[in-house]
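Two complexes come next, and they have one chain in common, chain A, joined by chain B in the first and chain C in the second.
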Partner chain A sequence: MLSFLAVLIDGTIYASWLFLVAAGLTVIYGVMRILNMAHGSFYAIGAYAAASAIGWYFADGTGSAGVSFLILIGAALVAGLVVGTLVERGLLRFMYGRDETLMVIITYALLLILEDAMKIVFGVNPYFAYQPYTALGRSTIAGLKVSNYDLVLIGIAVAVGLALWGWLERTNLGKILRAVIHDREVARAMGVNVRRMFTLTFLIGTTLGALAGALTAPSISVVPGIGVEVIVLAFAVVVVGGMGSIEGAAVGALLLGLSRAAAVHFAPQFELFVIYGVMSLVLAIRPQGLFGRTLVRKI
Partner chain B sequence: MRLDKTELALVGLAVVLMLAGTLAAPGWLIFLITVALAKALVVQGVVMQMKAGLVSFGQGLFYCVGGYAVGMGGQFLGLNAGLVLLALGVIAAVVLAMVLGLLLTRYREIFFAMLSLAFSMILYGVLVKSQELGSTDGFNVKAWTLLGRTIEGGEQATHTVFILTVLTAATVAFILHRFYRSAMGMTCEAIRENEVRVEFLGLSPRWINYANYVAAAAVSALGGGLTALATGHVDPDMAYWTTSGEFVFIALLGGTGSVFAPFLAAIVFALVRTYAIEFLPNAWQMILGFTLLGIVVFLPKGLWSLFTRRAVAPVPSSSPTNARTGGVRA
Partner chain C sequence: MKTVRSMTTPRPGRLAAGVAAVALASTMLTGAAGAAENGKFRIGIVTFLSGPAAGPFGIPSANAAKAIVEGLNKGALPAPYNTKGINGAEIEAVIIDEAGGATKQVEEFRNLVQRQKVDAVVGYISSGDCLAIAPVAEELKALTVFYDCGTSRLFNDDSKPKYAFRTGLDAAVDNIGAARYLAATKPNITKIAGIQQNYAWGQDSWSDFTLALAQTMPKVKVVENQMPKVFQGQYGAEISALSVKKPEVVHSSFWGGDMEAFVLQANARGLLDDATVVLTCGESALDRFKDQAPNGTIIGGRGPFGAFAPQNALNTWFVKAYTDTYSMAPTYPATKMAQAILGLKAAAEKAGASAGTVPVMDAIADAFKGSTFESVSGTVKMDRADGHQALQPISYGTYKYDPKTGKATIENVITFSGECVTPPDGTASDAWIKAGFPGAKCN
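Let's look at the complex of A and B:
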């Protein structure tokens, strides 16, 4: 019973993290039809920015947890917006309209560039930003010690999910975006500035990626290569849920998060295997993912 | 058997390479070219699928299977004949591809790319967690024999693997060259151009893709096996997705224009990487990234198009009949 509860708690924490990481990826794919291989790099950039900012804030050894949270989020916003703008204005806008597979390769090139850019800017030594994590302490749920920071993470993931959903479903701008998702050409014919929507979406996506990285930074050591590890997990979530679907990403994250937590507790040798195993299983049964739309083939 | 120009060039180049390699070139260069050619075989597998319009971001799976088969054959089965070990890798890859292909051939474009990536990451996950296979460190390949001769370390081993690799690469390239011009090879390109029309012509794109996928797996496993023999070591990184990304990179660098292209691209890639790591250890990926962007924008058909551009250019632009019937693509 206790281990069942542990799986539930660990799984939910891991799922919220997965959702935060995957949300930006699925938003970008949904609107722009770009499978952004460089998404992990935005995650890493967010983590580095947050770790640097936290290190600077706690440089004299004191500081409050509340302010450090604001710093985390602020660092993510700045990093995501600045790098996102640079990438979108400087590279991607010249590539719009190309084949989806080619866009994968272009963003792969972007990933290679950003990986080394980070090494040059931040160096190769690890960064630590543990202060917000330790400052919040732990609480006990039914005999299990759980870090409060992880519980806050669950709250943030839910908030981000609801905000995205509300924005897409309940606002005018969201409605316009859904029109672009549904049919780009018709939306353009109706007077939607599709390119501006692309810029907006890309910035939101990169900022979400950076936010995920910034919020993860306190619980890991920030080293080169963290983005490369994360991107395949984010892919798995998005593919399971159905590419471009927010609800799908949430369900996919929960499914994968709980499966992984179960694997960690009951069969640790299958920890990595289980995520891709579940992904392959879902795709074998529903090729378009749980919430994906089937596409009609055009001649 | 009549040989065309490409095939003659292939035979000639293999002979020249073997002579130059064993007689004149320094050891490090022979080793570099051996590994590059072996990896180029994996790239040939990627190119085979690219010709059918599919980009595999998981070809490292078969690279790894081929490599681990060579390592495990020596470690656990007591096999030490090099050719048997290579064959073992190919058989393992073919069996695996026949199973995975059933699922993968239902997918196209990015879904194919992602699912093939997921499969190779599954293997990575399994290998990382298996202690008896050395976990993340991998393990060393045991001493092996070639046609009864034991291959010890040192210069003799380097030369033997080099010749074995050149011969294998040339043979595979020869077969692939014929395959691309066969009915099935041509159909693969037709599938890339328009799959639904191919279906309407009464062919099954799915089964052609399936056969192509399995064949590509075999070729890639051969590359993995040769790499294992050349480096004497295998580790799970062979199946990590960045390794597969490297193969896609080399495939695009060379282009799909000729069976020579992957070999050329792999050698260029290996040389550039060796020097880039030497001089700019923290910026060589960035150089690769910009190179990739440059290729996508300026040389979409790869380095090989530098050699063929002149031959393609004179196609008359004012031949409406040819254009309307689809014509023959150069």
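Let's look at the complex of A and C:
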């Protein structure tokens, strides 16, 4: 019984993390049709920025948990917006309208450049910024000890998901964006500044990536290469949910998170490939993903 | 049209730049080949400068190599290494990145030996790299000192090495030592669990540990083992899976960021309130655990290295030189790198060449084989694998953090002699363990 409860709790926590990591990726793909391979780098930049800021804040051994959370979010916003702006204004805006495959190659090159840039800026020594993670203590749920930080992470993931959904479905700007998603040529003909929408979307996507990294930083050792590790998982979530779908990313993350937790508890030998097994199964049944639309190709 | 022209017909300026670049590259290569022939003892140092292994292992190792080479060139080390350079020849270190996989490393190794004309190669953390490089070292007759990789298979097959040596210990020693430490300090435990990275290192470590534990503590029951993907970073589900089995001890061969993340998350989740964790590579994060690793956590350093190194003049010099330059104490990978270079110097100077000249590789290899040399970690005997593998003690102890000073120390240290934890020559480690450690000489 305790194992089933543990699967539910661990799976939900992991799903929350997966959703936060994947949300920015799916937003960018949904609007811009760019499969952003550099998304993992934005995650890593957010993690490094947060770990550096937390290290600075707690350098003298004092500091409060509440402020440290504000620092985490502030670091993510600054890192995501600054680096996102540089990348979008300095590179991607010259590439809009190119073939999707070419954009994959361009963003992959960007991933490699950013990985090396991070080594130059942050070095290769691990960053350990655990104070926000441990400051909240832990709860015991039916005998299972759970970190309160992880429970807060669930709340943040739900809030981010609802905010994105509400923004797209309930605001004028969201309606304009949906028009761009549906048909960017018609949207442009109706007077929508599509390029401005692209810039806005990219900055939201990169900031979400940086936020995921910043929120993860307190529970890990921030080392070179963490961005490369998460990008594969983020792709799995987006592919399962349907590329470009927010609700798809949420359901995909939940499905993968619970599947992985179940494998860890009941069949650890399958843990390594359970995520990819679920992804293969979903794609075999629905190639466009759970919430993906079948697109009509223009010839 | 402009684009097409620029792609097909180089402009004169670009052509000149291209010719200049080729000329510069040729000059650099010529210079590189010439330097080794100009009286310097050139050592290729191979360790991780990028990737997840760089921070905890590679950079400390590279820093140690720089500190030792600089000290040796100045003649600043204590006896018996108080002569300048190696055999009087100035040492030149060529440091390259181990990242990229075994195939790339074989290419890099060939480049070091054949084009850069190094007199010896010291390096390799990854066991996969060691296994790939060892036969190439024999093929090229290139003196190679493996300083860190832990695979038990390096000298276990029928190959008769001449040019390959290992001055570090293998992973079986780590885990036999851990099993013996538990038997000595926690004889009453009944349940144990493990968490390892899911690749050769983690799988071999768990296999060696459980085999050894079956001999040292036959009544202990293994209740769980988790094998998450390497560099996974998030261990919430694994920690729950371990917690529900209520082990008294958790063994882990995790290293680097994975190890630090696991300790942090396991502590926050309360697993470490109820279970003592054994970290075979724990010493490498001694300065970073702070108050996140509970006091009493069992720490290993893969031998008498890092914080486990004995008090001797060499280690005192090394710790000061390293700390003065890098503002932190050397961890075990740094000590192991220093040891490999000192072993090389000792062998080269035993090879009998005239002072100030670089001995030939065959002579150094002959002198290295079966040698005994002094090191920062004490006396090292090249006493296994027909004189190509070091035999040394291994130490374990418990972590203690002082919040007032912000410093961590290791206490309750037990050191097991090399003969207690290493199989005799010609015996595979798993067979030796299963047979109940025949011939082991424990202090």
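FYI, the second predicted complex is superposed on the first by the 296 of 299 C-alpha atoms of A that agree within 3 Å, B and C clash if a C-alpha of one lies under 4 Å from a C-alpha of the other, contacts with A are read in each partner's own complex, and residues count from 1 in each chain.
Criterion: contacts are C-beta pairs under 8 Å (C-beta built on N, C-alpha and C of every residue); 3 or more make two chains touch, one makes a residue touch a chain.
What you see is a predicted model, and the numbers here were worked out from it, not measured in a lab.
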Message = With both complexes superposed on chain A, which partner does A:138 reach: first (chain B), second (chain C), both or neither?
response = second
Inquiry  = On the A-aligned overlay, A:271 touches which partner chain: chain B = first, chain C = second, or both, or neither?
reply    = both
Query = Which partner does A:283 contact after superposing on A: first (chain B), second (chain C), both, neither?
reply = first
Query = Given the touch rule stated above, what does A:111 touch, chain B (first), chain C (second), both, or neither?
reply = first
Inquiry  = Tell me the contact category for A:10 with respect to chain B and chain C: first, second, both or neither.
reply    = second
Query = For A:128, is the partner it touches chain B (first), chain C (second), both, or none of the two (neither)?
reply = second
Message = Quick check on the superposed pair: does A:170 touch chain B, chain C, both, or neither? Answer first, second, both or neither.
response = neither
Request  = Would you check which partner chain A:219 touches, where first means chain B only, second means chain C only, and both and neither mean what they say?
outcome  = second
Task = Identify the overlap between the chain B-contacting and the chain C-contacting residues of chain A.
result = 119, 124, 268-269, 271-272
Ask   = Taking the complex as given, what residues does chain A use to touch chain C?
value = 2-3, 6-7, 9-11, 13-14, 17, 61, 119, 124-126, 128, 130, 133-134, 138, 144-147, 149-150, 216, 219-226, 229, 260-261, 264-265, 268-269, 271-272
Message = Under the definition above, what is the set of chain B residues touching chain A in their complex?
response = 55, 57, 103, 106-107, 109-111, 113-115, 117-119, 121-122, 124-126, 128-130, 194-197, 241-242, 245, 248-249, 252, 282-286, 288-290, 292-293, 296
Inquiry  = Show me the residue ranges of chain C that touch chain A in the complex, using the header's touch definition.
reply    = 49-52, 54-56, 58-59, 198, 225-229, 231-234, 236-238, 240-241, 243-244, 256-258, 260-261, 264-265, 267-271, 285, 288, 290, 292, 406
Of chain A, residues touching chain B in the complex = 35, 91, 100-102, 104-106, 108-117, 119-120, 124, 228, 232, 235-236, 239, 243, 268-273, 275-277, 279-280, 283-284, 287, 297-299
